[in-house]
Amino acid sequence: MPIRGKSLMYFAGVDIGSTMTKVVMIDEAGDLVSAIKGPTGPEYRRLANEVMQRALEQAGLDIDQVSYIVATGYGRLRVPFADKQITELSCHARGVSSLFPTVRTAIDIGGQDAKCMKIRDGKLVTFVMNDKCAAGTGRFLEVTAATLGIKLEDMGELSLKATKKIQISNLCTIFAQQEIVALLSRGERVEDILAGLHDALASRVAALARRLNIEPDVVLTGGVAKNIGIVQAMKENLGCEVMVPEEPLLTGALGAALLAREAYMKATASGEKLSTKPRRLERATFFG
Amino acid sequence: MSDKNEGLSKAREIYLNRSQRARELKAAGRRIVGYPCVYVPVEILTALDLVPFQTCGEMKEPISEASRVLPGSFCPVMRSCLDCALKGKHDFLDGMATIHSSDPQEKTARIWQSYTNYPYFHFIDMPITVRPEALEYFKNQLNDFGKTLEAFAGRKLSTDNLAEAVRSHNRQRGLVRELFELTKSSPPRISGTEIVQVVRALTSLPVLEGNDLLAEVIAEVRSRSNGPEKKSARLLIWGSTVDDADVMQVLEANANVVVNESCGGLRAYRGEVKLSNDLFEGLASYYLKEITCARTFRQASLGETKKDYARDLQSRFGHLQKMIKEWRINGVMMLLVRYCDPFAFEMPSLKDYLDSLGIPSTYIEYDYTAGSIAPLRTRVEAFVETLG
Amino acid sequence: MASEKRKKAINRLQSMYPLRAKVNETYLKSIEAIQAGKPAVWAMLNFYYGDPILKAMDIEVVYPENYGAIAAATGVARQFLDRADAEGFPTHLCGYSLTTLGYACRMMKDLKGQIPPEAPLGGMPKPLFLLSSAAICDARYKWFQALGRYMDVPVWPLESPTPGIREFFMEGYYDRMVKLGVQHLRDFVAFVERMVGRKMDWDKLEETANLMIEVNRVWHEVNELRKARPCPMHSRDFWSAMPAALFLAGDLQDSLKLYQDMYKEVKARVDSHTGAIAEEKYRVVFAELPPWHSLGFFDKLAERGWNFVVESFGYHPPIPIDLSKVSDPLERITRFSLQFFAGYYQDALKQKVLGGTSAYPYLKYVREWKCDGALLHPLISCRSASTHLPYVSDMLMHQLKVPSLIVEGDIVDLRLFNPDDALARAEPFEETMEHYRKMRREAGFNW
Amino acid sequence: MAWFMGIDIGSAYSKGVILKGLELVAWHIIISGANYRASAETIRAKLLEKSGLTWSDICGVVATGCGADNVHFAGQKASDVICTARGINSVFPRVRTVIDVACQATKVIQLNEVGIVTNFAVSEKCAAGGGRFIEVIANVLRVNLRDFAALAAKSKSPVTLATSCAVFGESEVITRISEGAPAEDIAAGANKALATRISSLVARLEPAQPCAVCGGGALNTTLVKSIETELNIKLLLPPQPQIISALGAAVMAVAAGNSQSNRRV
């Protein structure tokens, strides 16, 4: 376990998404000290606690040593020990630009929605979001994986084996699913359906991104960015190179940690005292 | 806090139980006529001693009855209105006054009429342009409306009564504008959420009771010390319908909503009906021209043979420029109710216009159900973060 | 073998082909003319109101609504839809409107006014002006207004009074509608004259108006003949022949002759008891726009004995009305256009069906064309063609004991309509139609 | 002796039965997966294994469901609506209305004493009228579909889910969770929401009683209860609600009788 003597202050970002909860901790210098992922379930708070606990253990820290904590994501309001809430858009923007300083456009495809962000000097300038009705989200893939009876993580590789791209109606997750059922019964190959599916999703997201006239560099984040098929399809649909972070799931939590650090530094510099929440990880759940 | 905010809590009570007063009045022998859209000239109802009651939707109520007669991809506000009616929530109504302000209004009105049997039901047709012949036609439509109402009310519509009603409703419009004056300060003296509750209360009360409520609210808000706190941005909400306090609360999470330019807010109160010797002329002209809803076709000059996009935008959205200046707006939220076509077509053009004014804006959509509130939150907060 | 059988499933009218050919020919002529620099106008389906004016002024007209259907059928719609999305238009807007907006954006922003190379059938050139209409679908005038974002061309929105059914019979109501219509049309003529820099040839307008009315009268008579058992003419022939009367496509003089020929052929079939399909087991009404891309679906149903004997009132000619006493051609046009829906109001009031313009005619048709069932085809992104359908099916069941089969589809997202799915519903629906045939007899209906 | 087979390839599950006359000899259910042809093969093999019969014993096969075309050994294809009607009729001859809650959509079918369809309605594509809606919610709640009904039964105060679209319904549920609503109340709320939609579909037909429920959704006992409360009627529940359509297919095979064209080798 790493011993963290040299740094006096640590900062944490907690990102509670609709499917995954992530925590990133950084030190005074902004260097990563721990990063943890866990599933989000119906018991947000307990999971936030658990993931935070594991992050602290990995960092070899006690929670009292964490100077400031920012929560983000869908469940950001349900993190009792967080000092501040910031939306995932600002956090992604910050996180992505710390990894890719030259980024101008970030695209995050999450489970609930797809977001496109314009970034200037690490800050979010403007954004567009679509909801799942337009099928431009990760859920689109999850539902399909379920329909096809394959693993979500296998979809990308599988789609690269396609011999043709079947055009999929991209109006809505539900419709697309019914269409896939029809395609299957017609005996179409799963690979080809997937290829069409990825293209459909990519074209929806690309159209969304075009509302902000895309400028390079473009970075793709969110769990879906792990899907090589999607990354390819995004490149084709955007007509430009697309960069992907090593840990696309963590950019939100990372950004939150960085914003926590900046807020804290700014405050201490100007001598003001930031209010912080009690550093307790009570085991409270909605059921107990 | 020593402030009691009696007027505001009264407004909240009425907002939470809109039909209560109407039921009391009904029990006391008054006759209640519902109307689903702010385009229905309530002055005529008031003049005939009928109580106008706006039949609103209820976001938290799952649609069941209406889903049997209207498809899913249809204006969710009207679906919700009709659903409430079919579930008997408006069983105290003696009649309905409907109007062709948009397709969903027109189509819902006809289905409403077919599946209910109020003693009175009238449909007012409404032209799309503000051309002279259209205005003339609309004026006659209002005349017909008056005639059927006279027959229903069993009394004549006297010029004096109508003039008096116009005065009362003009006074209400004036008071609502006064209420919005109180959001010009920073922090505003009254929150957007409170205003939604007040405005919704007005649409469920006889005009004079509404005016009294407004007077009370305005007086106490002027002197209150527990008004809303200053937040990081002052927003203008533009859209078809924002009439739910919970939605407004989300919109106000980290900003002050100081103007609600929708038919749950300022829109139906910005102008005034001109008192001339031809009152119907005044009514027709007010409702067709003064209410700035996307449903009316406006252009820089009638029958223009050239198109100048900049002038076109000015003619359609010019009224927002003044508001943005007077209320010191630093962000505009274009809030679209899904499937509201007239407003949906407007979106990119309005953004062009706001860009030309250098005002940041964001386009947000919701489907008028409880489920769409949470997704709003992130969009709104992120938008405000970009302003800060 | 099977395909051969399929070809024979529907006995198409011989007289339809020359009519369709004429329409296509004039369409191509018009494209040539336009490409040669003749000014064109983008117009919407306006139900005999604005079209005769444009025709009399010899202006080429393209209909984005039709073009949207073509773009969808040829598979190029998607890119225009995505472009409209990228422009910030909500994706749940009418698919045809989004196609046009995406198209206009591409043409004007990327190509400086040049027609996009990928555009099918010669594309739609930048118009002289836009003619929108509020009839039936009143959001459409916002659509053409939104085009102002890409094209510096003026737009004229045609008013379309839409009275309530009871209200319509109030004293002086109809006359006021006519007054509005005539004045509005007079101003429109002046507008067109200013735009093209020519004066209206009133004699030509007179002739055009009269031909339009006569063409539609004959076309109406043709459809009346379809009340016969077996029904001599299938909906597919109706849709093929419809544009010449509905859009006044082609030369009206030719059209009149061709519709008269069609009348003769259909009449002959009635006299010889020849049906449009081999064995007419079920007489069905079709609601709203057909799935243009998979019309073969109707052949499959024809093999099962489904004869489509009548369709949406929205594409049917107005019920004939004597306008010979009306001297002013503008008034004749106005009254004819109003008749398009007003023609049903008297009857609708008698039947106490107040459900509106789009709903009532189905009851009349089903009763008079003696339908066993209705195939309703709601279109996800076309609210105007869908909103009234649940109401229609409810009315048909309760007033006439006629069941409806609902099969969802869309106007641009063609894959939403699943023919296999629909066919799987056909068999149980046949049992349903048989059942209600009994019910109707018990209830004393005569079919 | 004559045995007949009915195969129902649905979007989620594939089911099959073997009938001897009208007596149920064997039935089997598997997940459809991506290869319907293979699923059909598996079902056939399993059915023969369970019944101890050989393929040559089977005199007729009728296939139904969205994957019916993939049942290459079937003699004929039949509509799922008709199969459900015939199937429920063979179990409950007196039933006049059956609610089939399948994965993709819900069907309400009215039938007469001999199982002939007299009217039917299918849920709107956009209205999340099928069991899939519950699957989605169960997935969010991280509960096994089998435990869903039991969880919902625990609820004292079901949450109100106003959204009719499955996709937005999920967002709404996630919101309720983050607001701290207990899982059982959400589960119960989801059941109630689906029950409401199904009930208005039923109401469209003004159902004749007695009324039965079948399809995978029928296994969700709390959903069934909610529908009963909504409609204020008692719903009959067949022993294996999932196989009703397959059963109906087999019944049709029996009716088609023993002729070579009724099966393909």
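Lettered A, B, C and D in written order, each chain numbered from 1.
In this text, contacts are C-beta pairs under 8 Å (C-beta built on N, C-alpha and C of every residue); 3 or more make two chains touch, one makes a residue touch a chain.
Computed from a prediction, not measured in an experiment: that's the story for all the values here.
By C-beta pair count, the most extensively touching chains are B-C. Using the mean of the Cα atoms as each chain's centre, the chain most removed from subunit B is D. Chain centres here are Cα means. That of subunit C falls 40 Å from that of subunit D.
Centre-to-centre, using mean CA coordinates, subunit A is 37 Å away from subunit D. One simple way to say how far apart two chains are is to compare their mean CA positions; for subunit A and subunit C this gives 48 Å.
Residue positions of subunit B touching 2 or more other chains, listed in rising order: 68, 71, 73, 363, 365, 374-375.
Shared interface positions of subunit C, defined as residues touching 2 or more other chains, are 87-88, 92, 380-381, 394, 416, 421.
Within subunit D, the positions touching two or more other chains are listed as 66, 124-126, 165, 168, 171, 174, 178, 204. If touching chains are joined by edges, the resulting network of the protein chains shown connects every chain directly with every other.
Touching subunit B in their complex are the following residues of subunit D: 124, 126-127, 160-165, 168-169, 171-172, 174-175, 178, 193, 196-197, 199-200, 203-204. By the touch criterion stated above, subunit B contacts subunit D in their complex at residues 59-65, 67-68, 71-73, 367, 369-375.
On the side of subunit C, the complex with subunit A involves touching residues 75, 78, 82-83, 85-88, 91-92, 380-381, 410, 413, 415-416, 418, 420-421. The touching residues of subunit A, when paired with subunit C in their complex, are 133-134, 167-169, 171, 175, 178-179, 182, 203-204, 206-208, 210-211. Per the touch definition, subunit B reaches subunit C in the complex via residues 68-71, 73-74, 100, 102-104, 106-107, 109-111, 113-114, 122-125, 127-129, 131, 133-134, 136-137, 140, 144, 147-148, 294, 297, 299, 303-309, 312, 336, 338-339, 341-342, 344-349, 351-352, 363, 365.
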